[in-house]
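Look at the two complexes coming up: subunit A is in both, with subunit B in one and subunit C in the other.
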Partner chain A sequence: MNYRINATRAIAKRKIFETLISPGFYIAISIGLFLGYFLINGFVSSIDSSGLNYSLNSVYELIARFLSGTFGETFVVKLFSEGPFLFALYVSFIPFLFYLAISSVFKFGFEKKVGAIELIAYGPADGTAYVLASFVKDFFFTVIYLLILLVFFFVSALINNLVLGPMFFYSLLLIIFLSIAFFAYGIIASILTDNAASGIALFLGIALFFIIVKMGSFAIVSGYVVSLSNVFAWIVKWFSPLFYWSLGLSAIGYGNVGLYLISMLLNILLTVALLIISHFVLKVRGVRV
Partner chain B sequence: MKRVVVFLVLIGFLGGIAFSDVPVRKEELIYSILAFAGKEYSGTFCRQDADTIYLMANVDNFLTVRKTLVYFWPITQDWKVDTDALNKPFEGTIVITGKKIGEKKLKQVRYTYYNAPGEYEVNWKVFTGDAADREWKKYSKMVDAYWNAVEKYYQAKAKYEAELNKLTMEITKARKAGKDTKHYLKILNSLKEPKEPTNRPKYYVKPVEKAFIFNLPIGVYRIKFINKDGKIMEGSEKKLVVFGKRRSNGIGYDVIPGDKWTRPVQSKTPASVLYIDGTTDLYLRPFYQDEFNDLYYNKMIKNDSKGNPNIIKWVRIQQVPKARVELIKKDGSSVVVLEKPYYVEQTKGSSLGYRIVPFDPKKYEGRSPSLRAFHIPISRNIKYMKFRLQDKNGKYLKGSDRQIRIIVKSNLSFILFILALLPIGIMFLVLAVRSRKYYAG
Partner chain C sequence: MIVTKDLVKKYGNFTAVDRVNLNIPAGEIYGFLGPNGAGKTSTIMMLLGIIPPTSGEIKLFDEVYTPSRLDLRKRIGVVPEKHPVGMWPWMTAFEYLKFFADIFSLKKPDDRIMALLAQVKLDDVAHKRISEFSRGMLQKLSIVRALLHDPDILFLDEPISGLDPIGIKQVRDLIIAENREGRTIFISSHLLSEMEKICHRVAIIFNGKLLAEDKMDALLLKLSKDREIHIDLEEIPDALVGDIKSLDFVLDVNKSKNRLVVKVPKEGDYRKAISEFLIKRNLIPLQLKEKSISLEDAFVTITQENVEMLAGVGGNK
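And then the complex of A and B:
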């Protein structure tokens, strides 16, 4: 066990270094920050004497129309009730989450194909240590990126006289646990497939499936559709990180801190379960193509 | 040739009228619903194709079963009924089945209701059977008494105006003839203008009607209508969702900007922030609010509407009586603001604007205030302030805290742009160091 921890630590360090010297990491951060910048600027220019007036900014008008049409007016009111940061947080974070997860899946597939992992497995480490290191690296950069976002939003709030708001901070914490479950799904996807392309395709398929089911059950719909999507969502919700994330958000909406903590714990449990499954699959399949 | 063209255009025009879209009216069995929506009764109907009825728990809701014509109105994108053409109510029994109540049979009862005047806006009273008839008779008597008083008032007023005219003419005549008018003036001073009757009923009682009264605990039920022949009416079987409030007595505010007093916005989410540009003062009207499921509430108000089943929303119930707003400024000092009447005055000139001024009963005699609210003075120099609500006993009301933030577009936004670009700068630096090391080693 100890040797695996040491190996995980050593590989994770190497992976963190590799990410830090690759241009993709910086581009992903910059894209996220720019998205946040435009959303905050748009919000500020949409304020009039009565509050937020979406029609003053064409981008916000489009966003508000889309969100109201899909999730209802109440959703939009709640989303912007504390300011632009809750929305900006998710919009800025999602591209980075996918960048991290997809790059890990790609790298695993690629290194497996060229035999790099097999080579490591003959040495002091095994496949599990490799995927755990990948997971640690993703977790590390998620926290770093969220800290960068926090600083960026804090400066934005100071400059524009805005408030970050309690819901923003609660979401910030929830996002970490949502991400780790997605990274675990990324690991499963890369282990189950033989090359990088199919690994990415499987991961995107899983992620999109959860997103569509969640959006379907969350969208404003008429009687028949709501019953159907709720039944469907009920079946898959136990495996979906988005379900536990939305449970946490709802808990905060109701002021139930206990349930909020439980939702994070459930996402940790899901992650651990996925990692254990990955370990056994890796044992059976090995790291050879 | 010209005639042919004109003829063809005319034919095309008439054809357009003849074949224009007319909503297709379909005969359907509907449930006509008067649902209690937390603050008032709201009318809707459940079409034959709709599978679920939504009602609030532990309050009286009134349902009738009738046959009418139903059509879709594309302009407003909703379903409507044509009760003028067909409106046939059915007598019978509604059978409700559910885990909590087993099987329950409902019979139609005569009912009426009204919102009793008082300190609160919401004070509904429901009467059934003989009590409903008694209440309706009592109300009818009040209405009759009022209209009798109105009639007498107009008669007295006509008589008063005739006497006034007569006296004015006689005074004018006497003055022209150089006679003494003292006698006439004495009579004129003794004339008293009749006063308008004040016994107008302060509430409206609905005429007595027959309906099934649904007052059920929270749960999901099945209902069906059995007609007088003991047969289940086709299309009458529905699912019934009876729901309750998630939380109650939250505090919301109507926020009325001084320059858009006809378009108030609502601040319903506790801990929400009011971002404004600070160009005009605000007027606040606090209210109690309850929290309901978005989909259930919307469907209760209008059965064919949409909603989000996973979102809970606050709904305005009634104003907070005799409240006070405590305004807390940035330096920590606080001011208690009281509710005052205001009058909306047209501004003079060609600007066609208006301004909100304190209501002066002497200046605006015979008129009533345009709004009653708490005035919050706003200036673009103030960055932020907080406020919260006290009830009539001076107790702070939970969930009433709000922040006002004045947003003035900053010149420092370029800093954010530079911050967003910074990672790209670091990337070039890293790439430069990498290539340098590569070539060096």
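And then the complex of A and C:
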């Protein structure tokens, strides 16, 4: 066990450095921050004497209509009840989440193909140490990026005379646990496929599937479209990080701290289960092409 | 040191390795030979813990070895056939070795890294990016990486392929030097002439089965049908060929210019008897040497016999 932990530490260190010298990392951060800035600016220009008025900003109007149509009016009211920061947080974070997850899936496929993982596995390391290192790197950068967003939004709030509401801070934690479960699905996608392209396709397929199921459940609740069977959606939700994330969001709405903590714990359990499955799949499939 | 018992690897219905039994004592240079697709790589991958065997047992250092025994892997050094050069293009040779030293938990590895790089004449490019290295430099770097943690066993897969003659000599000298320090060395290579120079013992695998395994001399003797004695003379009298043929141990004699090629049975040493025979006739040999079968000949003989045997089995069907 100590050998695996040490190997995980050494590989994670290299992966962190590798990410820091990669232009993609800075591009993903820049896109996220730009989107955040754009949304806050749009929100500020949509405020008139009566409060928030979407029609003042054409982009905001479009966003509000789309969100209302998909998730319902109540959802939009809740989302913007504390200002633009909750929405901006998610919009700024999603590109970075997908950058981290997809680059890790790509790296696994590529390093496996060229024999780099095999080379590492000749020593006191194995495929599990490699994927754990990848997971640790993704987790590390998620926390770092959320801290960057926190500072960015805090400064934006000060400049625009707005405040970061409690929903924003609760969501920060929820995002961390939502992300780790997605990273674990990225690992599963990597090890189940034979090359980087099919790994990325599988990961995006899984993510899209959960998003569709989640949107479907919103639609069912809203009473607009019943495109998914209730039983199917009920089964799938237990495997979906989005379900536990929305459970956490609901808990914040109800002021139920216990449920909020449970939602995060459930995402941790899902992540651990996925990592354990990955370990056993790797044992069978190995790290050799 | 390395023991396998009835090692089997199957991929679906195809048996890549079929009940292979190896017993490699400590301190040996062991050559593992076989044509492409013979089961060589599968056997090595099982010994390295990269793929699990379908059945059978592997023992390393007298302990049962499974892919999860990372503690035993720490005592192994591996030089793979191809070095994944495209992987860490931003790393210098020094950073690359330091990364592996970190995986092996080596304390203060800088001096050892530089000493090993100096041994293969790469110390002056220690801070050059490995993406700029030639095939030969990468091969040497790979050997340094494998030696970094002072392993008890060194696995080398085609360690000299693609190297120039100077590189081959450097690597050969390094292998022999490492073996003299007590390291067990397991080599798989197609360059049989090189294997013949450095291996103490060799094994030949074909169609997943171990066909032969012995000490180099014993294996060559076992596989040779007969031996040739080459005699160079200033002048060869016409009657000499017939006279030598009359010797009871001589199987055949051929003459080409000033050389006589005398075929004798593989057992026994007939050089003294032939020398005495020539001297009695006032013929002084300018050179007399025994040419035994080469490893390459032995390899071709044994694999060809099995190809014919398999073809025969197929034909009988």
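Assume the second predicted complex is superposed on the first by the 278 of 289 C-alpha atoms of A that agree within 3 Å, B and C clash if a C-alpha of one lies under 4 Å from a C-alpha of the other, contacts with A are read in each partner's own complex, and residues count from 1 in each chain.
Note that in this section a residue touches a chain if its C-beta (ideal position, glycine included) is under 8 Å from a C-beta of that chain, and two chains touch if they have at least 3 such contacts.
From a predicted model like this one, the values you see are computed outputs, not experimental measurements.
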**Asked** Clash or fit: how do subunit B and subunit C relate after the overlay on subunit A?
**Response** fit
**Message:** After the superposition on A, what does A:Leu247 contact: first (subunit B), second (subunit C), both or neither?
**Reply:** neither
**Which of subunit B and subunit C A:Leu202 touches, first, second, both or neither** = neither
**Request:** Figure out whether A:Ile21 sits in contact with subunit B (first) or subunit C (second), or with both, or with neither.
**Result:** both
**Complete:** Of subunit B and subunit C, the partner touching more residues of subunit A is B
**Message:** With both complexes overlaid on chain A, does A:Ile188 touch subunit B (first), subunit C (second), both or neither?
**Reply:** neither
**Asked** If you take every C-alpha pair with one atom in subunit B and one in subunit C, what is the shortest distance in Å after superposing?
**Response** 5
**Message:** Shared contact residues on subunit A, subunit B side and subunit C side combined as an intersection?
**Reply:** 21
**Fill in**
In the complex, the residues of subunit A that touch subunit C are 3-4, 6-7, 10-11, 13-14, 18, 21, 111, 114-116, 118-126, 283, 286-288
**Fill in**
In the complex, subunit C touches subunit A at residues 45, 48-52, 67-68, 70-71, 73-74, 76, 78, 80, 82-84, 86-88, 90, 99-100, 102-105, 149
**Message:** Touching residues of subunit A toward subunit B in the complex: what are they?
**Reply:** 20-21, 23, 25-27, 29-30, 33-34, 36-37, 40-41, 44-45, 47-52, 71-72, 74-75, 77-78, 81-83, 152, 155-156, 159-163, 165-167, 217-224, 226, 230, 246, 250, 253-254
**Prompt:** Can you list the subunit B residues touching subunit A in their complex?
**Reply:** 50-52, 246-247, 255, 257-260, 263-265, 268-269, 271-280, 294-295, 299, 304, 306-313, 383-384, 403, 405-410, 412-413, 415-417, 419-424, 426-427, 430-431, 434
